[in-house]
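Paired with subunit B in one complex and with subunit C in the other, subunit A is shared by the two complexes that follow.
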Partner chain A sequence: MSGASAVSGVSGVSGASVDPATASGYPDHPPRMGFFTDTSVCIGCKACEVACKEWNHIPEDGLSLTGMSYDNSIRLSADTWRHVAFIEQRQPRAEPDPAHAGDVRWLMASDVCKHCTHAACLDVCPTGSLFRTEFGTVVVQEDICNGCGYCIPACPYGVIDQRKGDGRAWKCTLCYDRISVGTAPACAQACPTESIQFGPLDELRARAQRRVEAMHDAGVTDARLYGHDPADGVGGDGAFFLLLDEPEVYGLPPDPVVTTRDLTAIWKKVGLAALTVAAAGIASFVRAPR
Partner chain B sequence: MSDVTGQGVEGARPGREAMTGASTNGAGGGNRRGRAGRGEQSMVPNAEFTSYYGLPIVNAPVWHSPDIPGYLFLGGLAGASSVLAAGAQFTGRRDLAVRSKAVAAGAITLSAAALVHDLGRPSRFYNMLRVLKPSSPMSVGSWLLAAYGPAAGVAGTTAVLGRFRRVGVGATAAAAVLGPAVATYTAALLCDTAVPAWHEGYREMPFLFAGSSAAAAGGVGLITAPFEQSGPARRLAVVGAVLETVAAQRMEQRLGVVGEPYRQGLAGRYLKAGRALTATGLIVALAGKRSRAARMVAGTALAAGSAFTRFGIFEAGKQSAADPKYTVEPQRQRISNRAGAS
Partner chain C sequence: MAECHPVGFQWVMEAKARGAVVIHVDPRFTRTSAVADVHVPIRAGSDIAFLGGLVNYVLQTDSFFRDYVAAYSNGPVILRDDYRDTEDLDGVFSGFDPDTRTYDTSTWQYEGVEVQSSPGQRGEEAADKTADKTAGKTDAESEGDAAKGHSYGSGGPALGAGEATLDKTMQHPRCVLQVLKRHYARYTPEMVEQICGIPQEPFRRVCELITANSGPDRTTSFVYSVGWTQHTVGAQYIRTAAILQTLLGNMGRPGGGILALRGHASIQGSTDIPTLFNLLPGYIPMPHANQHTDLASFVEKESAQKGYWANMKAYFVSLLKAYYGDAATAANDFCFDYLPRLTASHSTYETVLAQMAGTCKGYFLMGENPAVGSANARLQRLGMANLDWLVVRDFSLIESATWWKDGPEIETGELRTGDIATEVFFLPAAAHTEKEGSFTNTQRLLQWHRKAVEPAGDARSDLWFMYHLGRRIRAKLAGSVDPMDRPVLDLTWDYTTTGAIDEPDAEAVLREINGWDSEGHPLSASTELKGDGSTTCGCWIYCGCYADGVNQPDRRKPGSEQDWVAAEWGWAWPANRRMLYNRASADPDGKPWSERKAYLWWDADSGKWAGHDVADFVADKAPDYRPPEGARGAEALGGDDPFIMQADGKAWLFAPAGLADGPLPTHYEPQESPVGNLLHRQQRNPARELIAPADGNNLFHPSAGEPLSEVFPYVATTYRLTEHHTAGGMSRWLPYLSELQPEMFCEVSPELAAQRALEHLGWATIVTARAAIEARVLVTDRIPTLTVGGRPLYQVGLPYHWGPNGYSTGDGANELAHLSLDPNVHIQEVKALTCDIRPGRRPRGPARLQLVRQYRERAGITDETGRAQ
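Now for the complex of A and B:
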């Protein structure tokens, strides 16, 4: 693992369709696995949240009522690796069954770590604690993490977070332990409507494309895919979504970019700035001619 | 294992094919955003900006104050002081050399303590040297500090003790070579994040930090050096103060809405205080060369100005991450620019 983590730090940020496991130095690896979360069939049962907490032994992190519709876990955090968002909207609607027609729509969506192709958390991790698995997912090694916290503001989605009283960074592992033995992640296993679908990313992307087309044909024109495009700012997500409104309505960034895409430009500026300090230092010892 | 349920594709229940209701006010009916004309270059915040209950999208840094902003200041002070010390050493300004080396050694020791203290698991600080990753400014910085810290420490100790001259000269030179990198890499540390006010400021922030470091080191040099050796410290301080002020000005102007956190709240107050102190220090340093009191005032104001500026930039990052507006609006603008271009 440590060998892979050292290599995976240098993930080529350019290039549209990169296989992250290959780029991280796995010569022979299983297909890239991921999630397709189709929010149009989510019923807000939170079985995913519960299954994730149970399976991964995530500690309790507060039991409170927020007043944010039925959302009491608020957002993804060190202790919430699946988060179901609830959005209440008032708008006229036509339902397949006219008896259900009304003017309120209730959006529900189960959010999760995106397991980016170009993962900022992994790029900036100074210890190699974050690494790329053979499945193309991104996982924290908790016996390595020293709680520097750099991954936390680096994530364009605000996913990875520091656990209070523990100090280390935690997030979804895409159930590395379960998928390593051929089992679906706990959340996907528990989802009663198959809103959370787990499988090889290629298959999921093809299936999602068919689904969004079927929805458009049925008149649901606000259906759209999010995070499916390998040409986007993070090289495509390993966990992508079908949404029924703009991403920011669900608390997702509309056009995320991996921060390390600009790192070469940043290092060039830093190099020039360092030379400026050296030059200013030397110049200050040169006496002006009288 | 090609299926989602482990039961094969055929085993899929029809549930996930279920159709949802369609909006009857046309496409994107659920979108409450007042959609501006495509390609419009509006700099005015969208009045109907949407978010999920106003919650932030990116996570604010979990780094603590004063540990990390204090380190930004002390690391800059140390790095630039090492440059000043080497210049003084090789031009025979003995007092300035000894005192600047002592300042660098002291500042970098405090820095190391602050950095380890800020870790979630301080006892694992040595994991910083487990790998070397150019993609992580913190990894690069850790190795830089691992080389610079001992060099500055040896340079400072031998200078103060007045022994092991040869070792001291080597350490002084090494610290002077690494010092400028120590003073400026921290800009990459902040800019290489998803925090909008930091990331978008990457063109100017390295120069802002360069100037701030030079102003702090020059300012402290003005305080410690005797008059006849204080010329280089004054010149370094003046150049640094000007660079710090100009770079900050340019960054805020270029960033527009994303730069708002640099003008508001605690960050705005820190940065305003920093600007006033730096300006005061600059004027007094230029006006009162011969007066010891003037040099003390100028040096203190310049160092304090540098420190306030670092604290302000740190707080601005936290404020910028806390409001989803700064994450969503520039991204929306990017999308509409792309749509307008194609």
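Now for the complex of A and C:
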């Protein structure tokens, strides 16, 4: 299956609706599966973090009180594949006003690998360890990864990470082992409020659209989808979100672009530059008749 | 609820998705507040003022459900003319005896109804001072009645003989509704603002939301947890909600009710089949040494005249048959004398005092970590240090198993390991996934769980431990002719065991709880129980859980294959009723109050109650049934008396019996408060239960109005976090949970942080007259500074999960707490106490004690502080 990885070099293509499994050479495959994480119903219980670690045997990530609200896992990493962000905010006021002591907002959102349509991590992987599955998800094979680390700066979301003392790259597999046998990923299974929804991406996108419209009708005009749009810089995410504020508030990039988008153009320029240098070199020899 | 019951909270989120408005009232902005429509911050310890304000709003605006209240509550009942309210007596009710700090309840009775011949009501042991002093070694203040509140877990107390006088128009100045109106008239939005720190605008919004969502077409429900119960007036908090819900017609109707969220899985089950000193299974009171000399006197004193408690003898004799089998006969009072007897309150805290006094010599701790989880944890350890033996059964070496070598008192040098004579046994326990059994949850639903894996190593289930311990003790006693050994030797102790470890059959226990008839056939309902010894039943309210020989709690028919009431999922006591008192969902004539809220109705054609649920009523008792003269038991209730476990079939707005501290909830300040009682001179609950000073280990702070109260100017409140479980035995040893909340912290507002120079993520020391602990500081807007009585009020939030053992460690918040208790159910007041907070870590070794001593001296604290009425 790892042979399919190279085929994902559909990167650089923006705007077109691409089916990544087809583009990766699966002629006959199940529908693309993904996550819709509706942060408006997240209660911050972190069951997703724990279920993910239990199922995937991910090591404990260190005991440190961060002071970042109730978020002590800090970020997605090699050892945290689901991460619940806690954002505490107070209505900005010139003077503290006890009459409005209740005007606190506490946003919670469970972040995860986006399983991009155009996945730069996969593009740059030299070993074929990262590959596109028949479900359209992106998975690292731990027995092939050689720890080169190219994928880490390639990810536009900062998701994939090297494990300390191990060197290999790790991230969410969208529970490839579970979905292959028709079960939901561990995080979605554990989520008590259906904040994490798993299913065929088409259905999730339609459901998310209805949800965000209902929220707008209910006056929650800040509600928006994030990563749902196949026309965005990564061709749309396999794991997308309903947010209650700007993506930056949640620590998400507002306009992610697959980092390998310009690779072809860059290589062309590099090639041109190399030719120029070579030509100049040759010329120098030519000019040196002695 | 989202913090501590995230799985149950999914249903709140589902209700919200369907349009429900979620209101959250809490001193903190929690994960619940984050998704609620309205969050109302409140000063910890002031909820009766808040709820009383709602009651007042409902009465003043005439927005109560008049037809419901007139028909189904005791609102029309006329009280005696010598009843005096707290509004008349500056904070106490008539009947108060300042010397014993107890109430004589005779003036609280209905006009026309005799005062019960017994000074107590059903389940209430009259205080026996002599017995208290010898057995409990408590000081005079803790000599209270020993049971009360708990024993009403499945129904209210009895009333005296006679018929109450009614005014159905509810205009008579002495009728309950008018008394209620006067009692709460001063609980205005202005007063709520002054006492609770809740501005008037959000308070009005809550008033409007709740009243708009109650009535024939709509219902509102209340959910509470220990934030309401753990106060010196805890039972009265719930009573205030009950009054409000009755006024709004929200009881016995779909979408209504008051739900108690319990602290652990199956705490409801361990109240139904209790681990409480004062109860037998099914809320039958434990006999008292002096009042209940034989079966007849016990049954006579404890049965009610009317309602289902009139059949108490049948329930009780069937229980004795389950305990003693063939040995229990009519001739020997069904072995009534084998039962232990109460001599006083033997609650957990009195037990600790008895340990310190040397009268309690042995202790079992099963799934409990009092060295971290109990209020004034230091006292718990001092008690355990004075035992002969201690058995701890848990998953890990919790603090209650190791205090003798590494507890705080070892560090301060107060205790030395070599001096402690307690023999400590640690026995590993099986987890719930390693054993079979049932959970009973808050709505009385029993659900069976199966074993997933065998317990590892020497770990064993509690059932295994108790069964084999009993078996071995019986083997040792075999052949004894000492009558003292008969209660153990005559027990039926014959469960079948299976497998390599001889695990007893949990279903056999369920069968015994359900009970059987003289032929050995499983019973199907408690109405089949008899008082002549021909039936057995381990818990009368659970009778029917093994009906037809089927494990009913193990039923798992999916919701998609049955109607919305889902009667075939698990089994609910009693009789698989999913909603108690559901007769109230129909009007007095038996018609639904509205189509939208139709649940149970009278079907005249079939002459039976019909609907979506099992009727919580006699199935063929017509709405127009009127009891004949002299009727007893269920027969004595009319066809329009829905609250069948109450002696008069009515919801009690006013409680003429059953409570130790008053017929109506009144706002009292907590035992320790930086705020004076704005409503009356009586600062604290005059009937609260105070545990003895215990050699300077249980001292109280001065409150507002008393000298030097400013030494402890802040309100502290304890709570749990989603990431940990109670005293940490199930979470602090697990890396995946510990990393999510890695250490003890306290939460303070930015204003308090500025006042006390506390830095975010720095250390703070929190001090009370009991202890000094340290915690990392989280400065957060989620603990708002409130304005109370025109002044800023600061609260300190303290999660109580931590102790020195385990993977994630920290100081225990319960070290700070004192022991002053609700007089009805003996629960400690850990949700509102006072403290000081200062920057920096606490001192180590003996200096830690020195700091506490300094504070006591600064505040002028003696044994007497805070103990006056």
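Keep this in mind: the second predicted complex is superposed on the first by the 267 of 290 C-alpha atoms of A that agree within 3 Å, B and C clash if a C-alpha of one lies under 4 Å from a C-alpha of the other, contacts with A are read in each partner's own complex, and residues count from 1 in each chain.
The definition used in the following text is that a contact is a pair of C-beta atoms (placed from the backbone, for glycine too) under 8 Å apart; a residue touches a chain by one contact, two chains touch by 3 or more.
Values in this document were obtained by computation on a predicted structure and should not be read as measured data.
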Which superposed partner A:Glu194 touches (first subunit B, second subunit C, both, neither): both
Touching partner for A:Cys148 - first (subunit B), second (subunit C), both, neither: first
Subunit A residues touched - subunit C or subunit B, whichever exceeds: B
Subunit B versus subunit C as contact partner of A:Gly182, first or second or both or neither: first
First, second, both or neither for A:Leu63, with subunit B first and subunit C second: second
Touching partner for A:Gly44 - first (subunit B), second (subunit C), both, neither: second
Subunit B versus subunit C as contact partner of A:Leu225, first or second or both or neither: neither
Common interface positions of subunit A, toward subunit B and toward subunit C: 40-41, 96, 101, 105, 107, 192-194
Subunit A-facing residues of subunit C, complex: 2, 6-7, 9-10, 13, 17, 29, 31-35, 39-41, 197, 199, 201-202, 721-723, 735-743, 745, 751, 760-761, 776, 778, 780-782, 784-787, 792, 807-808
Subunit A residues touching subunit C - in the complex, by the definition given at the top: 40-41, 43-47, 49-50, 53-54, 60-65, 67, 69-70, 72-73, 88, 90, 96, 98-99, 101-102, 104-108, 192-194
Touching residues (chain side subunit B, partner subunit A) in the complex: 1-6, 12-13, 15-33, 50-53, 55-63, 79-80, 83-84, 86-88, 91, 118-122, 124-125, 127-128, 130-131, 133-139, 142, 176, 179-181, 183-185, 187-189, 191-195, 198-199, 202-203, 205-207, 209-210, 213-214, 218, 231-236, 239-240, 243, 317, 321, 324, 327-328, 331-332, 334-335
Parts of subunit A lying in touch with subunit B, wherever the complex brings them together: 2, 5-6, 9-11, 36, 38, 40-41, 68, 71, 74-75, 85, 87, 89, 91-96, 100-101, 105, 107, 120, 123-129, 144-150, 152-162, 166-169, 182-184, 188-189, 192-195, 197-200, 203-204, 211, 214-215, 218-223, 244-246, 248-256, 259-260, 262-263, 265-267, 269-270, 272-278, 280-285, 287
